[in-house]
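Please go over the structures that come below.
In the two complexes that follow, chain A is the common piece, with chain B as its partner first and chain C second.
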Partner chain A sequence: MRNAIRIILGTMRIQIKNSFVRPMYRFCLIVNPIGNTILLYYMFRNSSMSNFMTYVILGAGLSSLWECICFSSVGDINRERWYGTLPVIFCAPAGFNLIVLGKIIGNTVLSLASMAITVFTAKLLFGAGIQIANLPGFIPAFLMAVCTFVVISQVFAYLLTLSRKTTLFMNCLSIPIALVCGFVIPAELLPDWLLPLSYSLPMTWAVKLIRGTFDVNFTGKEYLLCFTVQLIEVLLYTIAFQLLYRIIEREVKIKASLELM
Partner chain B sequence: MEQVIYVENLRRDFIKTKGLIRRKRTVTAAVDGITFDVRRGEIFGILGENGAGKTTTIKMLITLLTPTSGVCKVLGYNTYGEEKKIRNRINFIFGGEMGVYRRLSGRDNLQYFANLYHIPMAEAKRKVNEVLEIVGLTDKADALAETYSKGMIQRLQISRGLMNDAEIFFMDEPTIGLDPLGARTQRNLIRTLKEHGKTIVLTTHYLYEAEELCDRIAIMNKGKIVALDTPQGLKDLLENTKTIELVIKHSMTNLYERIKEISGVRSVEFKEGEENDIYLIKYDRDLDILSEVLNLTCDITSFSQKELTLEDVFIHLMGDKV
Partner chain C sequence: MMDCLKRFFNQCWLYYKGSNAHLDWEDLIFYRISIPLITLIYYCFIAKNSFHTDQLTKWVIGNSMLLCNYSCVFTIGATFKGERSYGRLKWLIASPCSRIATVVQKGFFFIFESIATVILCIAFGSLLFGVNFSNVNLGLFAIIMVIGILTAVCFGLFLSVFPLLFDSMNLILNLVNVSMLILCGANFPVEDLPGPVQFLSWCLPFTRSIEAANMLFGEVDKGRLLTLMGQEALVGVAYLTLCVALFKVIEKTAIRRATLEIF
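Let's look at the complex of A and B:
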């Protein structure tokens, strides 16, 4: 257990160092949330919604957070492939799953800055703050959302070791997931046939839950429902991942997909 | 000597499918039923052309690829299914500028790899300094790896291998792209590793390097081992062959063909010069080649008997197509 924690912490440290020196990552982390906040503000400004700033800040913050995590955690597999370090970490005694987990947690911790930048931009440019109606509910909801992002990113990152077309899949994941999970526009506005997909992703519940903590009309029963469904889905994804990762590791060794050629 | 690698009838197929409706499946045997063993403390070379199956063999040995069939054991354990028992006792180095985090310093790279190999923190710090000293990177330890030369990156990779005190090093073309000085430093490091009792399996394209470093060499062609012996043993395969270099003035137009027709001549390489042409002739030991050529022309300017090299053996085994 001590070894596992050391590997995760060591990988997080290296990941943060490695990520922050990349200009593209810095763009996603700093410029993207500012741009998203400005765009969403003008999109929602004339809407009839009274709490539109909540949508602006949460939408911009969560989208930027997701993009950072998606582009770095999932894209990391490709970067490791280009560096030629993917076979090295795959064959390391530490275990590939722990290393990937460390990378994703590192990215997530660093990416949380994008949320803070969003709040700061909204305050600075539009003088708009956010009022958390249910602060004791917000903290576990936010932590749960972070866990959700970590679990989902890990599933995607692992699945993408099977393919060399990581960049293509990464781009396919970024915006569709943000839309389907209701980061910007409520998931309820999606067509009926898309709702099962939306509700099967724990991020949808994470967004719903966090947004609920800003709404005075969001009841305790609704909070509990969202939290429970999200928790169950996260657990299901974790179990599925545990089963999948052995299959994926075997497949990677059969398909020889860890390197460029 | 103790056997540390045992490979028997090892095969690795790569399957490609093409087409959407009529899917066409092509199976290519990258490694086709090879058998060999490696003993503790020796430098074992694998030679072959591009696509001969050298790298695929190494990848199966380092637990990166699953064999299609056959036995592939490292330190007594199967490389598929028992990977965990092998991974902390081996290390591998791929040629070129890959295999390290270029945006981290050499020291950070090594400290991270120490972490991945479960080396306690205090020991890791000491070991990082120690291995940096061995590979001569102490001065550049805190510079980003992206500022390193190719040779320095290769040395950093070797130091990564030293971190976990690996018993076996697998090196895939470790001197590829290095300048002569860098390649020599690398070869000296490989010798130092052997002196420290490490077993080394290396692939290379450079025949003189294999000859200089390896205790035994396997020559691969199209996924199969076509010869396996010590460098001298391999040369003995051509013990009945001698090589002579003749410098002959331009005289006859068809001299090359006439020499080739001499009974006992195995091969002739011809290089045209301004006044003189150079003929490199491989012939049967019993043949008096000088007399035979003098029967054809008296314009021989000079001649020298050549020592048989591993390259001659390699070319012979590849069917002279190289």
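Let's look at the complex of A and C:
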């Protein structure tokens, strides 16, 4: 256990350094949250919604967080392939799974800065802050959201290992997921036929739960329902990704495709 | 003369083909059709719920125009970066051909690609969000669209010169794209922005085209419409002139600093 934590922490440290030196990541981490906050503020400020700043800050923060994850964690395995280090970490005695987990946690932790930048931008440019109505509920909701993003990133990262079109899929995942999971506007406002897809993604419940903690009318029963569904979906995705990992590991060994560009 | 023209168009086609050669049909459908359409739907949905309106004409038109940024800003803006990766940049700089021709060749076929993107997005957005074209002068609308796209292509060419000095072009191009989403009036009126920022808006392509195109769906003020179109064309000419002038200056600086092939 101690060894595993050491591997994860070491990988996280390297990953944070590697990610931050990439200009595109710095754009997603710093510029994108500022741009999103300004755009959403001007779009929502005449919306006559009393809590419009909550939509602006959460919408901009979560969209930016997702973009950071989408353009880093999801493509990380492919990036290792380009660096030529994929076979090395695949065969490392530390374990490929643990290394990838460390990379994704590192990215997610660093990407959380985009949410802080959103809050700071809203305060600095528009003098607006947000009031958390249910602070004791917000902390577990936030931690659960971080876990959700880590698990989803792993699923997508492993899935994209099978493809050589990572850049294409990263671009294709970014906006549709933000739309379907209701990062900016609630998922309930989407067409009915999209709702099953929306509810099958744990990020939708993570967003609902976090947004709920800013709303005084969000009941404890609703909180519990969102939390439970999110937890179940996260567990299901974790099981799915473990199965996926076994299949991919087998495929990679048979086809020797780790270094195929 | 004919030989020169033929060579010019051959080069235009070669650049265009080269920029798309790595894409297969699947990539083309996703990059050129799916991603722009999903982006359009995303911003229209946000507008529908933030402005509480079902009349999404303004957002369909504005965002459709901005979606040709993928060709005009990202692809054209990165052309010299591409040339550096292919190893052709030094030959291009050393060649005795006209700098204006070199720059224009890179944007020529993207004009048609951008027109196709805008038409596709407007057609799709109209079907999905019920934009009514029955009282719109389609000829005038097409002219506004073409002027806007030409200006954006000139803007893209202006941006394409900077990779001769910098290696972080993706950062710059993404920054420009986000700025255009905020400043061009596609998602909220330019007048909502603070005064000094509005000045920046009017320096960008599409700000006037979007206002002119939206005007066609309501009461048309002919004087204002002509002014907007004229100013938009002037902005394009200014960017093209700046591009050619900058190209010459940056070329000299890049040779002096030996940054032509720096990655």
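In this text, the second predicted complex is superposed on the first by the 256 of 261 C-alpha atoms of A that agree within 3 Å, B and C clash if a C-alpha of one lies under 4 Å from a C-alpha of the other, contacts with A are read in each partner's own complex, and residues count from 1 in each chain.
Definition applied: a contact is a pair of C-beta atoms (placed from the backbone, for glycine too) under 8 Å apart; a residue touches a chain by one contact, two chains touch by 3 or more.
Since this is a predicted model, take the numbers as computed values, not measurements.
In this superposed model built on chain A, chain B and chain C occupy separate space and fit side by side. Across the overlaid pair of complexes, the angle with its corner at the CA centre of chain A and arms to chain B and chain C is 80°, in steps of 10.
In the superposed pair of complexes, A:Tyr83 makes contact with chain B only, with no contact to chain C. In the superposed pair of complexes, A:Ser48 makes contact with chain C only, with no contact to chain B.
Applying the stated contact rule after C-alpha superposition, one finds that A:Gly129 touches neither chain B nor chain C. Looking at the shared chain after the overlay, A:Ala94 reaches chain B, while chain C stays out of its contact range.
With both structures placed on the common chain, the touch criterion links A:Ala256 to chain B but leaves chain C unconnected. Looking at the shared chain after the overlay, A:Pro140 reaches neither chain B nor chain C. In the superposition on chain A, A:Met24 makes contact with chain C only, while chain B stays out of contact range.
The gap separating chain B from chain C in the superposed three-chain model is 11 Å, by closest C-alpha atoms. Here chain C touches chain A in the complex through residues 26-27, 30-31, 34-35, 38-39, 41-42, 45-52, 168, 170-171, 174-175, 178-179, 181-182, 187-188, 192-193, going by the rule given at the top. Per the touch definition, chain A reaches chain C in the complex via residues 23-24, 26-27, 31-32, 35, 38-40, 42-48, 52, 55, 165, 168, 171-172, 175-176, 178-179, 184-185, 189-190.
Considering their complex, residues 14, 59, 62-66, 80, 83-84, 87-88, 92, 94, 96-104, 108, 111-113, 115-118, 121, 160, 164 of chain B touch chain A.
Chain A contributes residues 3, 6-7, 10-11, 14, 17-18, 21-22, 83-85, 87-94, 99, 250, 253-254, 256, 258 to its touches with chain B in the complex.
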